[in-house]
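For reference, the structures are reproduced in the following blocks.
Here come two complexes built around chain A, the first alongside chain B, the second alongside chain C.
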Partner chain A sequence: MPARSLQRFAPWLWLTPAAALLIPFFVIPLLLTFRNSFYSDDPMGMLIPGFTLANYSKIVRDPYYLGVFENTVWAALLVCLVSIVMSYPLSWVLARAKGSGRAFLLWTVYLPIYVSVIMRVFGWIFLLSDGGLFNQALIHLGATTHPLQMMNSFPGMMVGLVHRYLPLMVLPLATSLRKIDDAILRAATGLGGNRWFVWSRIVFPMSLPGAVVGLQLVFAGVLSDYVIPSLMGSPHFQMLAPAIYYEGITNASWALSGAIASAVIAIVALFLLSANLLVRRVAPWASL
Partner chain B sequence: MTRDDISFQTSRSLPARFAAAVVVLFLSGPIAIAAVIAFSSGDRLEFPIPGFSLRWFAVALTKQQYIDGLRASVIIGLANALLATLAGTGAAIAIHRYRFRGRAFLQAFVMLPVALPAIVLGLGLLYALSSYNMRPGLLAATLGHAVIGVPYVFAMVSAALANYDNSLERASLGLGASPIRTFLLVTFPLIRDGVIAGGITSFLFSFDNFSLSLFVTRGDTLPLRLMQQLLSYADPSIAAISTILILLPLGGMLFLLPRIVRGRI
Partner chain C sequence: MQAAFHAEASTAADPALSLNSLRKSFGSTLVVDRCDLSLKKGEILALLGASGCGKSTLLNMVAGFETPDYGTIVLEGERIDELPPNRRNIAMVFQSYAMFPHLTVADNIAYGLRARHVSRTTTQARVNDMIHLLKLDGLANRYPAQLSGGQRQRVAVARALAVSPRMLLLDEAFSALDRNLREDMQLELSLLLRDMNVTTILVTHDQREAFALADRVAIMESGRIAQVGTPEEIYRDPTSSSVLRFLGTTNRISARVSGTVSGPQVRIRDRIVFYPLSDATPAPSVLPVWVDIRAEDITISNAPTSIHETGPATIVLRTFLGSQERFVLKLDDDQIVVDRPQQARRNELRLGPGDRVYLDFDPSSCRFAFAQ
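Entry: the complex of A and B
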């Protein structure tokens, strides 16, 4: 029967466009990155086939590359921490809101996701630059005589990164918090649990799956962010994405950049894996 | 759902609401200020603005570099949305409508581009393009951006597919409609919202992409041009062009948000 044989091939037929796109432009680029990391660069910018671990030993030994990795992981963890703390109140109110209040809050969370990052940075330049609104206010109030340097500094970059990635934490967290039935919370309070008990024994554990998804999105986002470090960051605090761009394009060191990129994949994989393991350990009911 | 009848007390607790309001202000303040400055009549960045005018919109819309960038970004965005929608929808239908070996693996695989740092994929594409003898440009950027769009389309179409009963399809096939007719008249209308939402999302993400565009374009998309401009000098024309560009996300969100609020996608 033709219908039956069609039925067997149908899923593969539906998968063809995805395969035609993802194999040459996703799988092969990753394989090439991994392969290049074992090749070597010659001074003319040519890639020399071979097998060497020299690129990896360079990124582990050279203080410059080691510093770039340290800076970026440190910044990513800090952004994760700040955004999870900032997310809980908003996610909680968002999860419990209804009707127009909920619609309004969803707009304020989704708008920054869809508005160009350029416009957001523009807003921050206006607020944080030497002649910006905050410095004017500080000088006017007599809190300082010289403008504080906030743009192109580590704190300025942190503000920009948190602003960019906070919505990615708020949304999964709100989804988790919304699943908590009010009846459970009423029961806990009714049976004499105080606020801290309800928060630490019910709300926080039940929100963990969303929090972990949020952490993963924020961490991976910061690791590959080029715009915010270039526009708001300090020239003395090198981040990974600009460093990869510099090695790959400006320096044409394809082997070295391949090794850096492979190390980034390893870091992200390690983070995803350990976050999942941790959740499975401390909150087995929430395993993803 | 009746859980809304009596809201739990802490949802009304003042500290939580106050903290949430501060975070909302943090999220929307810089965007609102940038939008106001776009209408400034002044020569430089100042707030409050000296007066309302559309002069910076006129400046923005006559800058050749912005217009060229806008054209490149729109072409890449639309073509990318088409490709990503086709690939993502196909994959979602294959995985949710059929039972075959390797389904779970394929599902994880299709979602993988979300987890991969975009800068790594960009670098990999730089290597791959040179082995394919392709140059960075509109085509390369379209294909690269579409890879990132696939998981979003896949997730949204999957959500739409999960919401309906596939006995409708079986009824259509059983009553003698061809598979193609069944898809066009039964399946597609049911998942249309998910498909459109996925397409809009991948357009918007492509429209604001940096990490891939750095490697697969010649620096001529609008975001990259605006970034160059911001690195040298921030004048209100950047706010003006960004405000014009907000209209695109707003249009998209008018479609997406009511469906998100209702939990459909």
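Entry: the complex of A and C
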């Protein structure tokens, strides 16, 4: 092959290590899962090849599976809402901070990511379990006689999910807010805008692209989270990832779990796509 | 009540803006020190100084982005130094232009009017006027990212003037433009501001810009206003060597002062160069001094012509600058730059590197500084 045409492929050659990892260990299993979703399960735990939409029709008709989908989407939206509300003030401070103050704040945001999620859940167990620090304190103060159920409850799971996904909201949001430099804020105030006007006409619209990226990361993360719902969630509030695991591993219903997994991927893809279209519509300037 | 006070207080003779003994420090650094200034309605004043001289801080105090530690700011008879920036009705054009990237040109210009809750139709009309006035026709729906630097500056000016501010502040507003574009914009803006009778302060470190735009120039030096006057006044009669050194190409020649019966004498090397005329001459007890003089105020000839000459110097370089030619001379250890108007060259002697020449100058064009 002449050197010239080799050069044309050079950028793609750099991708080979990544492709060598992703294709056998990610793309192919994913395609197999998708294929399995059209097979049928047999009671012996085997997959029967064929083509049927029965698995999909089951998850749309069975109130149990519908409930799991509904729970998960609802939980994801709620985590999105809570974390975006919590992120704005923090991201604003982070975006305005300079020097070592900024480095310290960034470190506090990154720190939870450095610690394994299992370790973080253990931390929450220590705080939230029946004999945990919070309950001991509440009983000691006489606020309650019996320990409150905080672990393995919906609120407990929400605390864990927000804790896990907050950095993914803060970082893109702070990046967006950082683009609003002092001169822009001064211009916005100097031209007569009061605090509310500057916030609603300048700061909020300029933060939208970052906020949407954060929402995408948090939504996709919660929708497919396994660890937090299994360790901190309520048995009465089923979430998708544990349900897929249960169907696949415990029930050996590979076809059904494949269908649920494919549906989750479709929901995430749909959400990401519509969010991107939304940004292009409400913030056309961001891609200039 | 307030309106009556307003009308009474601001008669035609009163300054539009007055700054009274403003002072500001950051930590232990005194950045602006006892600054007094006043501007007439429609006047354009340039604050000229090196970076870090306090000119931007002074401007930010007028705009309301910094609070003075001491002193008052009075605009059209109203004390404004305690008002927040959004209630001063002073518009500023920033060095970076501070475009709102998410708003189109038209929405950038309309921003200030919307903040004032001006009606939709009036806003639209005003925006159209400003677009036309600043030659932005056809660009109304573009985003700042789609504009050139020059166009962005026009939008920044349009956005500031759209609100009919009581005052306009320009903070190094031209420094991001190429030289040709900068000079065109300076001329255009100078005409526009005079036409609209907008009281303006511009901050710059560029003498050409200050002179091109301003009615009066204030030279700032380590937090204080060193001299205020028309461009001619401060150029022709700088009150100190530091003001002189800030304007044009200048030389600093080492000299000594000694006392004689007829008064102090300034000596460059061992030659008596002149008997200084001004009171600002250092006393003979201060021996080493600097003599500061502009390149264009020195004449050169191949023989001594007056008592002010310094003894022979050697030309090391001649450069052609269009309207003038520039000689770089060596006088012992001092390097001296001399500019000579080009049209005069025909009947003057041709000079080049290696030639020995005598320097001559009018003592009144010199300023002194103590040499440490």
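Following the convention adopted for this analysis, the second predicted complex is superposed on the first by the 273 of 288 C-alpha atoms of A that agree within 3 Å, B and C clash if a C-alpha of one lies under 4 Å from a C-alpha of the other, contacts with A are read in each partner's own complex, and residues count from 1 in each chain.
Note that a residue touches a chain if its C-beta (ideal position, glycine included) is under 8 Å from a C-beta of that chain, and two chains touch if they have at least 3 such contacts.
Fair warning: this is a prediction, and the values are worked out from it, not measured in the lab.
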| item | value |
| --- | --- |
| Between chain B and chain C, more extensive residue contact with chain A | B |
| Which superposed partner A:Gly142 touches (first chain B, second chain C, both, neither) | neither |
| Touching partner for A:Pro63 - first (chain B), second (chain C), both, neither | neither |
| Chain B versus chain C as contact partner of A:Gly192, first or second or both or neither | second |
| Touching partner for A:Phe26 - first (chain B), second (chain C), both, neither | first |
| Chain B versus chain C as contact partner of A:Pro43, first or second or both or neither | neither |
| Touching partner for A:Ile125 - first (chain B), second (chain C), both, neither | first |
| First (chain B), second (chain C), both or neither touched by A:Ala261 | first |
| Touched partner set for A:Pro235, first chain B, second chain C, both or neither | neither |
| Common interface positions of chain A, toward chain B and toward chain C | 181, 183, 186, 189 |
| Touch list for chain C against partner chain A, complex | 63-65, 84-92, 94-96, 98-103, 111-112, 114-116, 143-146, 159-160, 163 |
| Chain B - residues contacting chain A, complex | 3-4, 6-11, 15-17, 19-20, 23-24, 26-35, 37, 45, 47, 83-84, 86-88, 90-91, 93-95, 97-98, 100, 106, 109-110, 112-113, 115-121, 123-128, 131-132, 143-144, 146-147, 150, 173, 179, 204, 207-208, 210-211, 214-215, 223, 226-227, 230-231, 234, 238-239, 242-243, 245-246, 249, 252-253, 256-257, 260-261 |
| Contact footprint of chain B on chain A as seen in their complex | 3, 6-7, 10-18, 20-22, 24-26, 28-30, 32-33, 36, 86-87, 89-90, 92-94, 96-98, 102-103, 105-112, 114-127, 131, 133, 163, 166-167, 170, 181-183, 185-186, 189, 195, 198, 216, 220, 223-227, 230-231, 240-241, 244-245, 248-249, 254, 257-258, 261, 264-265, 268, 272 |
| Footprint of chain C on chain A - complex, ascending | 179, 181, 183-184, 186-194, 197, 201-202, 205-206, 283-286, 288 |
